[in-house]
Amino acid sequence: MSEVIVVIGPGLIGQAIARRVSAGKHVVLADLHQENADTAADILSNAGFDVSTATVDISSRQSIQAVVKTATKLGNVMGLIQAAGVSPSQASPQTILTVDLYGTAVVLEEFGNIIARGGAGVVIASQSGHRLGALTAEQDAALAMTPPDELLTLPMLQPDQVTDSLHAYQLAKRGNALRVMAEAVRWSKRGARINTISPGIIITPLAKDELSGPRGEGYRRMIDLSPVGRAGTPDEVGTLGALLMGPDGAFITGSDFLIDGGVTASYFYGELAPNERRSGSGQQRQPYGKASS
Amino acid sequence: MSEVIVVIGPGLIGQAIARRVSAGKHVVLADLHQENADTAADILSNAGFDVSTATVDISSRQSIQAVVKTATKLGNVMGLIQAAGVSPSQASPQTILTVDLYGTAVVLEEFGNIIARGGAGVVIASQSGHRLGALTAEQDAALAMTPPDELLTLPMLQPDQVTDSLHAYQLAKRGNALRVMAEAVRWSKRGARINTISPGIIITPLAKDELSGPRGEGYRRMIDLSPVGRAGTPDEVGTLGALLMGPDGAFITGSDFLIDGGVTASYFYGELAPNERRSGSGQQRQPYGKASS
Amino acid sequence: MSEVIVVIGPGLIGQAIARRVSAGKHVVLADLHQENADTAADILSNAGFDVSTATVDISSRQSIQAVVKTATKLGNVMGLIQAAGVSPSQASPQTILTVDLYGTAVVLEEFGNIIARGGAGVVIASQSGHRLGALTAEQDAALAMTPPDELLTLPMLQPDQVTDSLHAYQLAKRGNALRVMAEAVRWSKRGARINTISPGIIITPLAKDELSGPRGEGYRRMIDLSPVGRAGTPDEVGTLGALLMGPDGAFITGSDFLIDGGVTASYFYGELAPNERRSGSGQQRQPYGKASS
Amino acid sequence: MSEVIVVIGPGLIGQAIARRVSAGKHVVLADLHQENADTAADILSNAGFDVSTATVDISSRQSIQAVVKTATKLGNVMGLIQAAGVSPSQASPQTILTVDLYGTAVVLEEFGNIIARGGAGVVIASQSGHRLGALTAEQDAALAMTPPDELLTLPMLQPDQVTDSLHAYQLAKRGNALRVMAEAVRWSKRGARINTISPGIIITPLAKDELSGPRGEGYRRMIDLSPVGRAGTPDEVGTLGALLMGPDGAFITGSDFLIDGGVTASYFYGELAPNERRSGSGQQRQPYGKASS
């Protein structure tokens, strides 16, 4: 029977991971837009992978279940790469929570019901999830363990609590990593593992558009001032994803791996600290890099 | 000129990482006890590495500076593996804070002053650092950026605040990861990177002793109930360390990588949740794994 | 100063290796046809790499020298991926020897004159080079060490000796691996390494065309009867290339790595053995796989 | 059911590969001397591996069959690391042929009969096998495919043909790589792969003894004049072995990977060329490295 890898949201990051773990397997490329799935299918098919496509709206459990059905008919699902989501510049807070938080929770639940023994998955979250201040232990637990269909009724996620898209995005991505922890426990009953990758600025066609768009200056400053001083490549995320999904990651499950060129470190303790924090009355702290020179 | 890798605390984890990144380089093995350094030197020398030994007490800046001097005389320091520390079953809260928290901060500061362009380091922390509840943003910043020699005067670290060794250990390990964030900013000025690895239960001779000692039953239960269902090997940490220190980790700095077989996930949201939390009046939550069965 | 990776013949195999070793470096994509270089540049630029293009005809030393000049102006040349060549279905014996054998020899010589300390290269040869019977030690040495500009005057390479394109191709690819041995000695004087990869059937758009073309049936039979039972992917070659060019390959130079799904093994000792050999009077040998069933 | 990795001849090279592919599996360590197996068992057990030991004399099919029985009782045999053998300084030509050539052939045959689907193996041969001049196609085929129990009756292996231990060793190691080709075909029927690694001078306690023994000067000269300029480490072989045995090697079977620091390249075309060849009347060729300076 075939072994199947499912990529939900097969942009360049999803593709880069798939390239590393799918030789000799069947790859299901599922996207909201058939056109995106087709583009990915062309690229990966030309690069020697056996592929098929599907459309999926991860905000719909029924839609996810249809992909699960497609995938399980094709063989044993050995891998899940959940890279679908909407970005804060694209959508309302409510849409972000519905797709990125609820949708990912359902994807993990449904694939966790059928993942094969020895299988593994990764969820692509974001450095944004690391930028949010600490939540309470109760909030963490609620994001991790509330049944998906009740998630969006949590008080902390109501419109009066989440008023802008960036905040919604940060909550959703934090929620992804927490959800992965709880699902790691459940996936282990089937002998499978699941982890989160939180990438920083990774160059893709979409990211290039943003870098030359209205918010581009901010992003370029973030890259220039970051410790590594450059953006990342999808293939660098691919290498990390391959480790997590393969035998070298066999002792890793429920973890969240930040790969961001040091942007988060600098945001908290370096030149990328927001102005209000750098000049805040309470701290008066010089960013670390400055202090040392 | 030679390239030098420095291993502070060269037990099996430090050795496993060193094995993967030190071929053709000179390895300095520095331990509190000359005997331990010699044992590691024998093993690595027999395995083809060019080694020398040193003694170091990382609770002393002067002692660390002596190792730095030894290392820089031998060549360009391309790598630092900081694996030294005391465990909660070995020492008092004050000793743990002095060695694991303060000592690591000084190690990072002193090696950050001389690390070579293109160099990289890893600090071995612990899953214990992930088990502590959230600190405030101010506490995080204090642990990350307070000058090392003022660290132990922080109010949060005083004996009335830190009364048991396990708490001290969790704080120290949390502090290591925070410190690494701040140092990632500073190391980047020299074109170098630094990350944290937080291992779970990794089998070493010391760990084997603990597994058969008075607290062994607790550890064995932790392993049995964990998602992966086994302890890790030093070589699994070595593989992760090699990724972080090598070119595949070039976009990763200031991050903390948890490799624990899912114990932390299960501690928060699975069968390893402490009883008080599982039966707590406020939550009445079934661990996730149970809920799904 | 920038670090530069040069890809000569940036088809999917060259790209796959480049993706794995070029993050944060500048990639020079040089092809006979500007259009091919541009296509590769689009793909890699969209995937986060800093690229420039050049045209090169590797049958011309002057043309190669121009690429060397372009590359060295951009920075230190840390990597060479020589993947240019013509295939036996595309060209005459003389063209194949001129491009694949002579051209590769000049590429290795010219880049070997400027490769940076710590640099590395790979030459993409072919399983075809492993299919040719043994040459004499003198022929091996001649292919390895004859100054490039005298190579094509060797008696063994004259038109009366090499009458078909496949034979020319096998000789050229055998010659590549031999040349790499000699150049490994010379590159080592600059602290650099060079190896050969001999891929089997790797799916690329060109390979897909051949699989559906007039010789397609033969190729498909080769794949079906091969030990691994499938074609390879460019990314699988990329992973091997990354090992050879990176620190994990530091003890490897002058070697030739066959990655062919077992086709060569089966050609000599299995179901893919040519009929004349299988029914040969001298041996009457059953292929190994059959014998065991 | 458990997954089992079998290491025959668990010296440092065998251990280094085992460390990389055996986490969570059971490792059978089989050596001619129980004491060697016990030493390896101590080391690997202390490093977190689940191990058992066996004695085996690979010159005896019965003895190999006993190990196979032990291993298959423990679980599915997913991996074979055949690193046992005698060296030319240790034994007579006949012993070398019996152990290194015949013994390895039987090991491959017996484990090839029971290797699990998805399994893989590596045989540790030697750079010495690359040093021998070309054999005829008939000799190659005879070494590859003659039933093991008839191997030692081949005319080419009779005492009048093989008069010194080094020649016997080179023949045996060449024979290993050829045998692996034929076995790759047979192993593929069970969905498994098998490859050869041909290491150069790798530092182990035994190698260190030789470097300081009567032939030490020759070895040290070989290292000093080699392209890489140093000996290799077992862990470098371990990394290559892990690639070949794991998913990244899925398209590689029946191949022979030379990892020798360039010694072979230099032996044929560099400073390590034997004097008789360098001053030979027929060639009068300067080694390549000299020629270029």
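Note that the chains take the letters A, B, C and D in the order they are written out, and that residue 1 is the start of every chain.
To be clear about the criterion, a contact is a pair of C-beta atoms (placed from the backbone, for glycine too) under 8 Å apart; a residue touches a chain by one contact, two chains touch by 3 or more.
Because the structure is a prediction, the values reported are computed rather than measured.
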Chain pair with the higher count of C-beta pairs in contact (A-C, A-B): A-B
Relative to subunit B, chain with the most remote C-alpha centre: C
Where subunit B and subunit C are represented by their mean Cα positions, the distance between them in whole Å: 44
Centre-of-Cα separation between subunit B and subunit A, whole angstrom: 27
Distance between the centres, which are taken as Cα means, of subunit C and subunit A, whole angstrom: 37
Residue numbers of subunit D (touch at least two other chains): 23-24, 228, 230, 232-233, 236, 239, 248, 250-251
In the complex with subunit B, residue positions of subunit D that touch it: 12, 16, 19-20, 23-24, 46-49, 202-205, 208, 228, 230-236, 239
For the subunit A and subunit B complex, residues of the former touching the latter: 112, 133-138, 140-141, 144-145, 180-189, 193, 200, 226-230, 232-233, 236, 239-240, 243, 248, 250-262, 264-266, 268-271, 282-283, 285, 287-289, 291-293
Subunit C partner contacts - residues on subunit B that touch it in the complex: 21, 23-24, 246-248, 250-251
